[in-house]
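Order of writing sets the labels: A, B, C and D. Residues in every chain begin at 1.
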Amino acid sequence: MARIVSLAEAVEENVRDGDTVAMEGFTHLIPYAAGHEMIRQGRTDLFLVRMTPDILYDQLIGVGAARGMKFSWGGNPGVGSLHRFRDAVENQWPRPIEIEEHSHAAMANAYEAGAANLPFAAFRGYIGADLPKVNLNIGSVTCPFTGEVLAAVPAIRPDVTIIHAQRADRKGNVLIEGIVGVQKEAVLAARRSIVTVEEIVDELDPPSPNSVVLPGWAVTAVAHVPGGAFPSYAHGYYPRSNAFYIRWDEIARDRETFTAWIRENVLAAKPEDFARHAAKTAAKVA
Amino acid sequence: MTDFTPTEMMTIAAARALSNDDVCFVGIGAPSAACNVARLTHAPDITLIYESGTIGTKPDVLPLSIGDGELCDTALFTVSVPEMFRYWLQGGRITTGFLGGAQIDRFANLNTTVVGPYDHPKVRLPGGGGAPEIASNCGRIFITMALTKRGFVERLPFVTSMGHGEGGNHRERLGLSTSGPTRVITDLCILEPDPETKELTVVSMHPGIARDQIAGNCGWPIKFAETVIETPAPTETELVVLRDINARTKKAHGAAGKEAA
Amino acid sequence: MARIVSLAEAVEENVRDGDTVAMEGFTHLIPYAAGHEMIRQGRTDLFLVRMTPDILYDQLIGVGAARGMKFSWGGNPGVGSLHRFRDAVENQWPRPIEIEEHSHAAMANAYEAGAANLPFAAFRGYIGADLPKVNLNIGSVTCPFTGEVLAAVPAIRPDVTIIHAQRADRKGNVLIEGIVGVQKEAVLAARRSIVTVEEIVDELDPPSPNSVVLPGWAVTAVAHVPGGAFPSYAHGYYPRSNAFYIRWDEIARDRETFTAWIRENVLAAKPEDFARHAAKTAAKVA
Amino acid sequence: MTDFTPTEMMTIAAARALSNDDVCFVGIGAPSAACNVARLTHAPDITLIYESGTIGTKPDVLPLSIGDGELCDTALFTVSVPEMFRYWLQGGRITTGFLGGAQIDRFANLNTTVVGPYDHPKVRLPGGGGAPEIASNCGRIFITMALTKRGFVERLPFVTSMGHGEGGNHRERLGLSTSGPTRVITDLCILEPDPETKELTVVSMHPGIARDQIAGNCGWPIKFAETVIETPAPTETELVVLRDINARTKKAHGAAGKEAA
């Protein structure tokens, strides 16, 4: 049964040095506040998993929290490069990073297999592509009925998955709406999970019987962090700050401006500071 | 006739390649603009799908990311990402996939992974994302890229997604039944694979563009088809629609900018 | 793009003698009206696929329309046996029937694989069970990473899938709500599909962005048949007639009462007759 | 103390085996009644899951089928059947699965498929449904069946779902890490597998039941544990709750009957 705790407590109890950590959110509902809390608590040697690393993992890589990363698209969407990621891969700064690179289809299938407690996922993929030559975790499997050969990847089974969602009820049941990405699969594939939410409500009240819900007994910890997805967004709460994504390009391009930004906006900040972004943005929308 | 830029010509030429019956897997940037221009001009019933899970979306402004809220708000419905890649893309339901890339070779293979050796890259690019499976599972692929020597190269350092591989019947030999890249739309011209060799060949030149301009911007000795036509210039309507959506987009993303942290 | 047609037309155009036909609906939304139309049109030599055959397939088997059936649970839920199914298997009446029997997990995975255009499905199943000894379509596959051996079954790819749903819009986009079963997978796995609906509306208006929708371009034909799931039910429209399920036990127990029932209620009836059940039941609910 | 029937005793004994923290995969019939009696008495927060996809359901009347509307109306949420079997059952999230069957053997293997040879059955039963994978993927299995010679047999004609196989460590040898059947609740007594041999052994007899009554209703020479206790009789509360839900259920299904065709 999910415990409803502070974000600091959730990270302290559930994220350990050396863990394989998946933080998901496909553009939408990216758990930024949780990532910042991990930086503040000094978690290190993490193996990060995420389809689209984007700014969140640029920050974790830039502070040296990651020993490795499994991913399928490592850019700043619509803007360009992730400079901290590139600096780590191209110049080993601030430390070398081991990468395991896949396609989106492979990652999505691997999370799905993890949620389904299967050791691997089979799919029609990687045909004629070079990734299988550089990634030993891309194999193949033969259909026992037709003899067709399909691509195969190991299931993703994180030590801990962290996501952000719209709301939870007091039993820790979680509702996710809109672009739901691979969050449900990532949580169900993991040993432990943290969900940060915009709101905690008395009645979850999903709009459809078939809404995307994670029951409290399938989640480890729920933390109330309004605005916790900023500069990503929470459908129904506040929009994506495309402008911040554009601004990140300048901040992250240079090691010093990056480090200064982290000092000021992460190390000297608190989870509650995210509420300000949410409120501010919501006001503009209204 | 209004003046237009090469990029506008590229986007409009790409839009024209789409029809009302297409179910189109849309990438960000030029593909997104082209698909929405098609939707707002000659193909009002085209189905646009973004890999974030949004199906039948009709954005009023172009998304900056593949998963902007606008895409979900205007979609018929939104599915999970595993479902998107399993039931819809791998399921064989997409008629047309739109790709771009950092580099392309003469057989329309694309690189968006690395420049230099994979283990010690000179430039680490974002990677493949959906491209490897978009390239193999969609009925056909359109590619939009500006024609430059840096982009159109003799040999790719890394094949992120397969086009026609080594040319000829290479796709068939690998068991693929989809057509692969059938058109590459650049800012100067339109290329199509030769029916036999599958080498990209200029079939249409945009108004005012000369052959040596095209040849000078391509990293391999580019071939021209026996008959090369001139791409019809953008119509007034096409330009107005494109510029309107670009203006709305700029305004929306600019406005969002002001309140950002 | 889905064509909106009469049920008679939909069946004429899309169901052929000898076809592999999947009619799905897990207790909820079972396409009874479509089954009756197939009987009226005299379709024969069908290979029927369905997780829970229940009364619908008892009727098709009893009239001799089926050469075979693939299924995982062949009973009258909460009541007992399917007498026509038993008579066919035990006494070859009115004709012998070839059966291919699976577990629910196998069938659900096989539909899922069909929708995903995979040739087979792998799952943790059939351990210590006897079905693999009598069903050659149960095989195994070995994980290329861990060496684990999993059960495998071929994907289900019907010639035609038929389902019932709550509503469609005028473009043939379909909304399914409540107990959604394997209907989406069954439609996406099939070459052709027919959806009968309670209502055709101007705006589909799903309650959630993540509602279960089948877009018109993924469906072959949509037919407006109010009450078309009776004696099964349509969530939000009319409840299940548990009483009819109980009554079926008497009707089907005997070849003569069954044949008389079919003559009167199927052969001499029309799709529009189902509207009566729906209206009547709805009135009771209100 | 009120009088009670053997079936009521069976249902209530089964209900008592469940706790507040259980996530329970519920079958129709006796299991459904037992799970809901548990929910309405000592385990108000128990999570009930029906294989139709309904998760966290709290039916006011017992369903006739596994997919009655009542289950969805009162559920926390409802998923597709493939998701149910993949993410929730195979995912290892169910603590307790409830099964019944036409026949059981001394190692709690079940048959619900055929009597007689599979190809020419004397009686064709409904088949396994979810049972084969419920039996292997749930943390533990409870079985409820009336104790009769026809049901409790020396040898099954067909193993629909595995209990303890040939006994001993057979489950482990097949790679299973789940416990399998840990309790069989009948109308006369409660059986549990011997810790070593895994043979079902009487551990508790219902009030007023004698040993020879049990032995006489079992198709194999049934063993009794060293210590056999008496099952506590149903409490007033347990009986009231069970009879209430049965009465509501009868009324609901009866009412539905009147308007049926």
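What we mean here is this: contacts are C-beta pairs under 8 Å (C-beta built on N, C-alpha and C of every residue); 3 or more make two chains touch, one makes a residue touch a chain.
What you see is a predicted model; the values in this text were computed from it and never measured.
Peer 1: So which chains count as neighbours of both subunit B and subunit C?
Peer 2: Touches both subunit B and subunit C: A.
Peer 1: Chain by chain, through touching neighbours only, how many steps does the shortest route from subunit B to subunit D take?
Peer 2: 2
Peer 1: At what distance in angstrom does the C-alpha mean of subunit D lie from that of subunit A?
Peer 2: That gives a centre separation of 41 Å.
Peer 1: How many Å are there between the centre of subunit A and the centre of subunit B, using C-alpha atoms for each centre?
Peer 2: Each chain's C-alpha centroid was found; their separation is 28 Å.
Peer 1: Give me the residue numbers in subunit A that touch at least two other chains, ranges are fine.
Peer 2: Counting only residues that touch two or more other chains, subunit A contributes 116-118, 123-124, 148, 178, 180, 184-185, 206, 209-212, 235.
Peer 1: So which bits of subunit B are touching at least two other chains?
Peer 2: 72, 78-79, 86, 90
Peer 1: Applying that definition of touch, give me each pair of chains that meets it.
Peer 2: A-B, A-C, A-D, B-C, C-D
Peer 1: Which of the residues in subunit D come into contact with subunit A in the complex?
Peer 2: Interface residues on subunit D, with respect to subunit A: 21, 23, 47, 55-56, 72-73, 75-79, 86-87, 90-93.
Peer 1: Which subunit D residues qualify as touching subunit C in the complex?
Peer 2: 28-29, 51-54, 63-69, 71-72, 78-82, 84-86, 89-90, 109, 113, 118-119, 121-133, 135-137, 158-162, 165, 170-171, 174-176, 253-261
Peer 1: Show which residues of subunit A lie in contact with subunit D when the two form their complex.
Peer 2: My answer: residues 1, 115-118, 173, 184-185, 188, 204, 206, 209-211, 213, 215, 217-218.
Peer 1: Show me the residue ranges of subunit C that touch subunit D in the complex, using the header's touch definition.
Peer 2: 26-28, 51-52, 71-75, 77-79, 81-82, 85-86, 89-90, 101, 103-105, 108-109, 111-112, 123-131, 134, 148, 178-182, 184-185, 212, 230-231, 233, 235, 239-247, 265, 277, 280-281, 284
Peer 1: What does subunit C use to touch subunit A in their complex?
Peer 2: Residues 116-120, 122-124, 137, 139-146, 148, 150, 152, 154, 177-178, 180, 206-212, 235 of subunit C touch subunit A in their complex.
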